[in-house]
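Read from first to last, the chains carry the letters A, B and C; within each, the first residue is number 1.
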């Protein structure tokens, strides 16, 4: 039983950063913006979070700083794509490159320094609880509030939304900032709660997984939880199977989370109606109000 | 806001030429500041970062070698993205192309006739194209979003490559190092200095696809399906066939890039293998080239320049890698921001 | 005739002397190529610590240049650039740099190259390595004494001979104390991913291991051990800060003495190339962090094992060694041949995991 609990906690810990980052990106994409810079925002969140926790001695301060780190990067992204109308895909990728370099620069003096880990109760820390609360909040906000409706309208047809008087650019900026905050917080989770240290590039591609999970979830928050935990569970289980020394090559075991995600997507995608109803039609297209 | 953007009636061709120049100008200013702050003579720094790769012959060769896989992949991705087929898995297709082509030197080391080079290149194309068929089939038959499937398959390709090269494909005389035998003779690409045949193939691919996109019906078909899918359907263009075509071409080119890389540069398969990461950079290249396969040539050279410049900054100017990466990101920002001016103009609005 | 011989000998000596002489400003230029970032707190970080020692001891005579984050497939360019920029000696610090190092070395015969953890040499290429497995043996001894479950968890990146010999040496050390000691192994398939290493540590602890050993670069596993009040060994550098109650010791890569020695040899002309250099504890290249968090008798045993290996009295890979498949390798009482160790691709008996063949 104890072994089962230990594995369960490990799975939850591994899935949480994916879930938080993906929730943010889900909101961003629902508003019609494709932000491929999640990885860059996450790593900036990680370094800001660690740095603040190290300097202040307080992990909570670190988490707060990680949110701001993510927001800062996302405002930069927003300025380029929403005000200057630069291509969203390329800008997102550029943000990722910038984030990786900038975080390494900022984190130079933090390498090899330990900090106090975020306190937890039997392995469960506040961010894990928060990730579920956030899912419920995002779900409620998007589908049960007027602002959420506006956001979805903007994502589906920004021209019509603008004609109806919705502040398209303003809403998108807000969503992008929210996405940045979530990505930053997810990064802070890694450097403050999960493995309290700073190492260059420590997010190691989790931002990309989060992006993939948003697509997997067909932009529905509850499905996102399923996706994040599916991925996390298979990843941890593949390690567990390794310890059993069955002779299966570790690389093939490591393939399983990706293959299972693809298979699950295939099953989910058969419902074309649901897909069409939830895919933001204007995803990735720039919007300029003409007077 | 006193300053705002207004869409131009049509693309400004003056700005199309000017915007990259403005971007480079801004980057040069930014670069000069960074160099000065690090105690490096700004002019020397700018020379080493930007001009040396263009003027120094050794550096020029390295520039072309670095740009080759970028251009080759970006050309294929350009047509794919124009048709709204989002192949994000070029990196994985590169792995597969390199792997399949590499099977020949591992299992048929003695085959040393001119044909073997062609066979290996074709195998490379096949490896990449077949790996790309998986997300294509999943999209057409099961409506599965290709962004996710092609991306996930990159990780799978990487792991399979690692497993094979570390295991059965290992060089038996290699002290169990994770690498294959060295390729030799006709199983490698001819080269002029450092520049191998792949560079020519990349150029041909970009020009060829450019011709396809803008002078052939197929290109019109793809562009229509991408920008006006309903019109395309009315015209009888098959979206499904376009998915297969785009994945096939972009995957095949990525696979070819992999084959050329292992046959022309590394001359072996070894793991970990870093060239596939260029599969993601190629996406940036495609967009910088405004999704025009011919534009990918210049964009690929530009991005290769930033990588080379970063290397030079580290070795010659003693500027740490981190700053070089930041520099690269900022350069991209300037280019992207200035690109706006091609489609939109800035207008001053006086307050009334 | 004699005169001609003397003149040509003189010219040769002059040429050789010029080849290894310092720059016009009197300084030798030594350059390093790193696979990762100095901030990885692991392999690359330790090489850089060595470079810092060079700067401290030889700073007035040697100019140092380091290049980080050079991927293996792309290495030829940076290595050649260093050669062109006037480096007198270039250290390439990853086995994946083998072919690019040889390629560039062939083009620049006057520049000396040193390739870490490789096996191919050339007239101007030396391979250098350190006997890290010696430290693993000591860790094995400690682990067997300290473990209550008789099982250790081993987190590794990729199955290269370097890693395999570490696992084997660890097991041999553990088996010398407890013949039934077990080890569970997880391959993370990456050198840099603290999150994954942490996850692997958690999984291993949940599967019955109570001591963690790693051959990956970050301190993630130690932080997990600290959190779960279990024990572990640091890797590459002393990670006691991350696990004040958890770290038993750490294998420390101490490249400084080696680098200083080689550069001094280069400067005074006694430098020899085209050989395989394999320092160990005796030369100080392999060190261990202080033995902490253990009872005094274990500490004493660990210290004795360390001293025995350092003095040469004890060699972990002394024959005969029984392989996993039952066959034996090596002659009784004699250490295994260097080639067998460098290319090690078998497990010793007692390990359950399977190696790719």
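Structural remarks
Everything below uses one rule, namely that a residue touches a chain if its C-beta (ideal position, glycine included) is under 8 Å from a C-beta of that chain, and two chains touch if they have at least 3 such contacts.
If you're wondering where the values come from, they're calculated on a predicted model, not measured in any experiment.
Averaging Cα atoms per chain gives one point for each, and the point farthest from that of chain A is the centre of C. Just to note, of A-C and B-C, the chains joined by more C-beta pairs in contact are A-C. Centre-to-centre, using mean CA coordinates, chain A is 26 Å away from chain B.
Centroids built from CA atoms put chain C at 36 Å from chain B. Among the residues of chain A, those touching two or more other chains are numbered 104, 108, 200, 249, 251, 254. Those residues of chain C in touch with two or more other chains are numbered 37, 189, 356. Residues of chain B in contact with at least two other chains: 159, 162-163, 166-167, 320-322.
By the touch rule above, chain C contacts chain B in their complex via residues 31, 37, 65, 67-69, 71-74, 76-78, 80-82, 84-85, 95-96, 98-99, 119, 158-161, 164, 189, 339, 342-345, 356-357. On chain C, the positions that touch chain A within their shared complex are 36-41, 45, 153, 184-187, 189-190, 192-200, 202-207, 217-220, 223-224, 227, 237, 241-242, 352-354, 356. Chain B meets chain A in the complex at residues 5-7, 138, 142-145, 147-149, 151-153, 155-156, 159-160, 162-163, 166-167, 280, 283-284, 287-288, 320-330, 332-333, 336-337, 339-340, 343-344. Contact residues of chain A toward chain B in the complex are 76, 80, 83-87, 89-91, 93-95, 97-102, 104-105, 108, 200, 208, 211-212, 215-216, 249, 251-252, 254-255, 258-259, 261-262, 265-266, 269-270, 272, 275, 288, 290.
Interface residues of chain A facing chain C in the complex, by the touch rule stated above, are 3, 6-7, 9-10, 13-14, 17, 104, 107-108, 111-114, 117, 190, 194-204, 206, 235-236, 239-240, 242-243, 245, 247, 249-251, 254.
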